[in-house]
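Listed next: structures, encoded as structure tokens.
Each of the next two complexes has subunit A plus one more chain, namely subunit B in the first and subunit C in the second.
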Partner chain A sequence: MTTRSDAHGGVIHDIGYRPYTGPRLGRRYATRSLYVQSLRAAFGLGRSGRSKVLPFLLLGGMAAPALVMLAIALFAHLDRMPKDYVDYLASFSVLPQIFLAAQAPVLMSRDLRHHVVPLYFSRPATRGDYVAAKFAAMFSALMIVLALPLLLLFTGAMLAKFPVGDNLLHLLYGLVAAVLYALVYTALGLLIAAATPRRGFGVAAIMGVLMISFALANLTYALNGGFNPARTSSSWAFLISPSASVEALVNRLFDLSTDDFSALHAPTGAGAAVFLAVLLALTAGGYALTLRRYRNV
Partner chain B sequence: MGPDGYVEPVSTVIKTDGLTKRFPGVTALDRLTVEVEPGVVGLVGANGAGKSTLIKILLGLSPATEGTGQVLGLDIATQGPAIRERVGYMPEHDCLPPDVSATEFVVHMARMSGLPASAARERTADTLRHVGLYEERYRPMGGYSTGMKQRVKLAQALVHDPQLVLLDEPTNGLDPVGRDEMLGLIRRIHADFGISVLVTTHLLGELERTCDHLVVIDGGKLLRSSSTASFTGTTQLLAVEVTDHPVDRAFDADAVLTERLTAAGLSVRGDGSRILLVELTGDDTYDTVRDAVDDLGLGLVRLEQRRHRVAEIFSTRSDEDADEYGHEHGHAGADAHRAAAAGGEQA
Partner chain C sequence: MNTTVARLTARGLFGRRRVLILLAVPVLLLVVSVLARSSGLDELDLAHRVLGTLALGTLVPITGLIVGTGVIATEIEDGSIVYLLAKPLPRWKIVTTKLVVAVGSTWLLSAVPLYVAGLLLYGTGDRVVLGYTVGALASGAAYSALFLLLGVLTRHAVIAGLAYALIWESLIGSYVEGAQTLSVQQWGLSLAEAIAADGTVIAPVGLGTALWLLVIVGVGATAYASVKLSGLTLSGEE
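Our next item is the complex of A and B:
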């Protein structure tokens, strides 16, 4: 083979082309690699230092109050945590929402904007695999953000020697809520992010949908006499907002925060079933539409 | 197919039979039947001739409306994933995220082709070196020149050591030097790496010295498919360029040399600039030219072997038509269209 001396000043000895004879791990491995890469990208890992700031700030912001509560529970000798697990997620729900709005476009819009998508589809993984990997990655990232404070609260409860069984049960309620939040957020966030190659539009649209729907749900609730304890039918208004739906469903399902005036509750009777059906339909619908989005890319 | 993902070498790399693709209102491919052997194959056609559609169908990404096809002996309709494991694809458009380095990007793409992590890193380093990317491979790709970007795009298509690469307009946007380097690389992909190449272009001229075989399509129809040698004839030409006479300014070096060589029994003609094209009859032609130039006291600037240019074969179409087309689509498009149309007349 030739040697090449070039502008870099050195001589590079070209040892010639070596064919690859090792294993080719195929489609499932490729899908898994895309999942890992996307999950890392959701936290800015493998990208520039600047892109790590926001996701870790949000993760920290989500965990910090739980740490404070842990400390209070330990040193102030309380008999229970200042906030219950599900209530904690409802109180700080805006942080995972910002995380979704900021990072869903990182997973979807970037590939569209820089036309990387055709490179994926010219490889063994299919369009379906692509959407599945991205969905799993966003879901996992949100679960980390949602579950970390719950685990901190549980750790605090155990250190302060609160009853194990009760806390374990309520941790489980919290995790159910986290899964529901993560599912419906991911489905909506990815669908919106996949609609535009512009990251800014994606961020604004996701935040807008979540915020406005939440405001509308509360407004409708209030206008229909929601604050009159006798009229539980006004709670159907929570269906307008995905985040309010999750909170209302979980509170009703596990009979939580019944004495808390500010906590949302789904209507009694068929309410819980309808809320669950709506949330699952929203998730499935978002996923199906995202899949459809990539059919002709 | 073995467990290591290899198939036996096949005699035809691409084979289509009556391949047709209709979109609502448009027929992108019209009963295309071609057979392509291992080597470097040029797919020539004007913009919108159906080149990209054909590539999508060959990758198994878009179903054909009618007809069948095989890539590396695998059926495009049913074995898409197996094809995509063995084929590399370099798209026409930009496809590089600016905030990632070439190394990170190509490693990721290697894993997406099924290479284990360590092999992906090793192959990435090798491949980037082969395409001529050195220290800059650790920098974010946003700062790369067009030439460097094209090299990274080529590297991601080669990193998994495919048996065939599909290159969509790889010379687009490159300056003449970059273009020559890219064409040289394409030649090496087959000659040194043993990988077959299908390369598309709307510029007929640039592929004639790179490709073994040319497929010309227009409006989704096959105009011609044959070896480059049969396009250009088998006669070889020698391009000769000499300096002016060092002392006598009035001395017409080209004319005198032409006279001298003709007298020696060679067929000589000018190409319009300062290059003389001498028919190559054997190794002694080189000696004859050298001696003649030396005798006249001239300097030899260029002495290189050349084929007849493909464009010459197609240049039968009247200039008015070409001009009319040229106004709308620019010179490059006009060239290809003229070439394609002329090919049609011959077909």
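Our next item is the complex of A and C:
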């Protein structure tokens, strides 16, 4: 109880406020939460129904042809799948690209536009953790989109009693291709998305870069006599486009579709190593530039 | 047509450094055609590759998409369209003004460079270059109208436009013949076929069908966009 003289003296009373003494979950927990939340956001989970439509439509669009092929292989008694795993990813590469273009700005641009990035950085998670969590989330989301049809194809191959060893090996090739696609796409997509707070512009820019570089790579290939089998040096043109260089590298590394005229192939020997180095440099460079982007927000 | 709205739209489209990004497309086309000139390939084949596949097939849709959605979708997205809608202007006038700016910009950024690139590559022979240019003008206008409509209809206008251009026109169009009848790109190509000398350009869609569909899509999309803009509800961030 206070008396009149105490009140005039200006006493501070202990009314029982206590600091938080429980466990602090710390930096790693915060990073992991950011990863989980970003991965869910990439598929619109935990958001309105309207933002779920697009990612699931693209996921479905990527998986549907695999289901059709599975059904055809089962009912027509084929002795192999209509498309090999790596070939499948190359044929439908536009869907994961659109997925990237649509969802990378969801992960990056929104935080920038609503100025919440500084709030993240006032917590234990650092700038590096933020970029790492976003990168991992986008990578995982793309891996889900890329690997799901491959697993469906593999299931189909097992149901149709195709040789296990051969299919397992080709599934692994497909997964290697998926990892490479996902790494390069994520690095490029996040970098572009982090550069603009406007979602629409980010979408168009990511897709523009991927599409125009692919068209340019094909054109350069054709101009340098690419369809003439004697001139293998023209396949260096695929380095212009990230998606074409992944396809060309994987086809060369595992000696796939060698008889297919339309499949892309990297140059032999040291050429393949250069392709791999360029892809890794693209990924590392994109990641480093994204980190740099968040140095001061 | 309202000059103030047109001026503001053009500024929104080209203002700041955005013009540099938009200019990348025509510059790329010109660089490619200068490089391709010295490749020693068959000239007609080269013209088809650069003008048909690269320009009409990729650059015109991309430009139409960025410009068509850029004139209205960005304003709807950041909510600043309300200041324009609050003015005593008929909505159809806003739509047509923005469409005029979009069509003009698409032509300037894709059809004109296509013509110059064509002259560099092939010259004026067989009216091939003229044909491709007219095709690019027509399909550029149709793309602008279509993507402007998408910008009014949905918040995911860019994605929807990409899905149309890439999945419908390129992916499905290359497997299913019938899908090409409903493809803006093929209508443009059909105009190119009609103008160019016989047998130089081949299009899968007939000229009559293409012309009618172009007119229907252009006028229909504009009219529908006006109707939709009259009853536009602004939704918050999802």
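Keep this in mind: the second predicted complex is superposed on the first by the 276 of 297 C-alpha atoms of A that agree within 3 Å, B and C clash if a C-alpha of one lies under 4 Å from a C-alpha of the other, contacts with A are read in each partner's own complex, and residues count from 1 in each chain.
Going forward, contacts are C-beta pairs under 8 Å (C-beta built on N, C-alpha and C of every residue); 3 or more make two chains touch, one makes a residue touch a chain.
All values derive from a computational prediction rather than experimental measurement.
J.: First (subunit B), second (subunit C), both or neither: which does A:Y17 touch?
T.: first
J.: Could you look at A:A66 and tell me whether it touches subunit B, subunit C, both or neither (first, second, both, neither)?
T.: It touches nothing on subunit B or subunit C.
J.: Considering only touches as defined above, state whether A:A125 meets subunit B (first), subunit C (second), both or neither.
T.: After superposing on A, A:A125 lies in contact with subunit B but is clear of subunit C.
J.: What is the contact status of A:G208 with respect to subunit B (first) and subunit C (second): first, second, both, or neither?
T.: Once the two structures are laid over each other on A, A:G208 reaches subunit C alone.
J.: So, A:R199: does it touch subunit B (first), subunit C (second), both, or neither?
T.: So A:R199 only meets subunit C here.
J.: Quick one: classify A:L219 as touching subunit B (first), subunit C (second), both or neither.
T.: second
J.: Given the touch rule stated above, what does A:V94 touch, subunit B (first), subunit C (second), both, or neither?
T.: In the superposition, A:V94 contacts subunit C only.
J.: Pick one for A:S48: touches subunit B only (first), subunit C only (second), both, or neither.
T.: A:S48 sits against subunit B and subunit C alike.
J.: Look at A:A102 in the shared chain and tell me whether it touches subunit B only, subunit C only, both, or neither; answer first, second, both or neither.
T.: In the superposition, A:A102 touches subunit C alone.
J.: Name the residues of subunit A shared by its contacts with subunit B and its contacts with subunit C.
T.: 47-48, 51, 110, 114
J.: Which stretch or stretches of subunit C touch subunit A in the complex?
T.: 21, 25, 28, 32, 35-36, 39, 41, 46, 49-50, 53-54, 57-59, 62, 65-66, 69-70, 73-74, 77-78, 156-159, 162-163, 166-167, 170-171, 237-238
J.: Please name which positions on subunit B make contact with subunit A in the complex.
T.: Touch residues, subunit B against subunit A: 4-6, 59, 61, 81, 84-85, 87, 89, 91, 93-100, 104, 108-109, 111-116, 119, 123, 126, 129-130, 134-135, 140, 156, 160-161, 192-194.
J.: Looking at the complex, which residues from subunit A come into contact with subunit B?
T.: Those in contact with subunit B are residues 6, 8, 12, 14, 16-27, 29-30, 33-34, 37, 46-48, 51, 110, 114-116, 118-126.
J.: Would you mind writing out the residues of subunit A in touch with subunit C in their complex?
T.: 47-48, 50-51, 54, 61, 92, 94-95, 98, 101-102, 110, 114, 198-201, 203-205, 207-208, 211-212, 215-216, 218-219, 222-225
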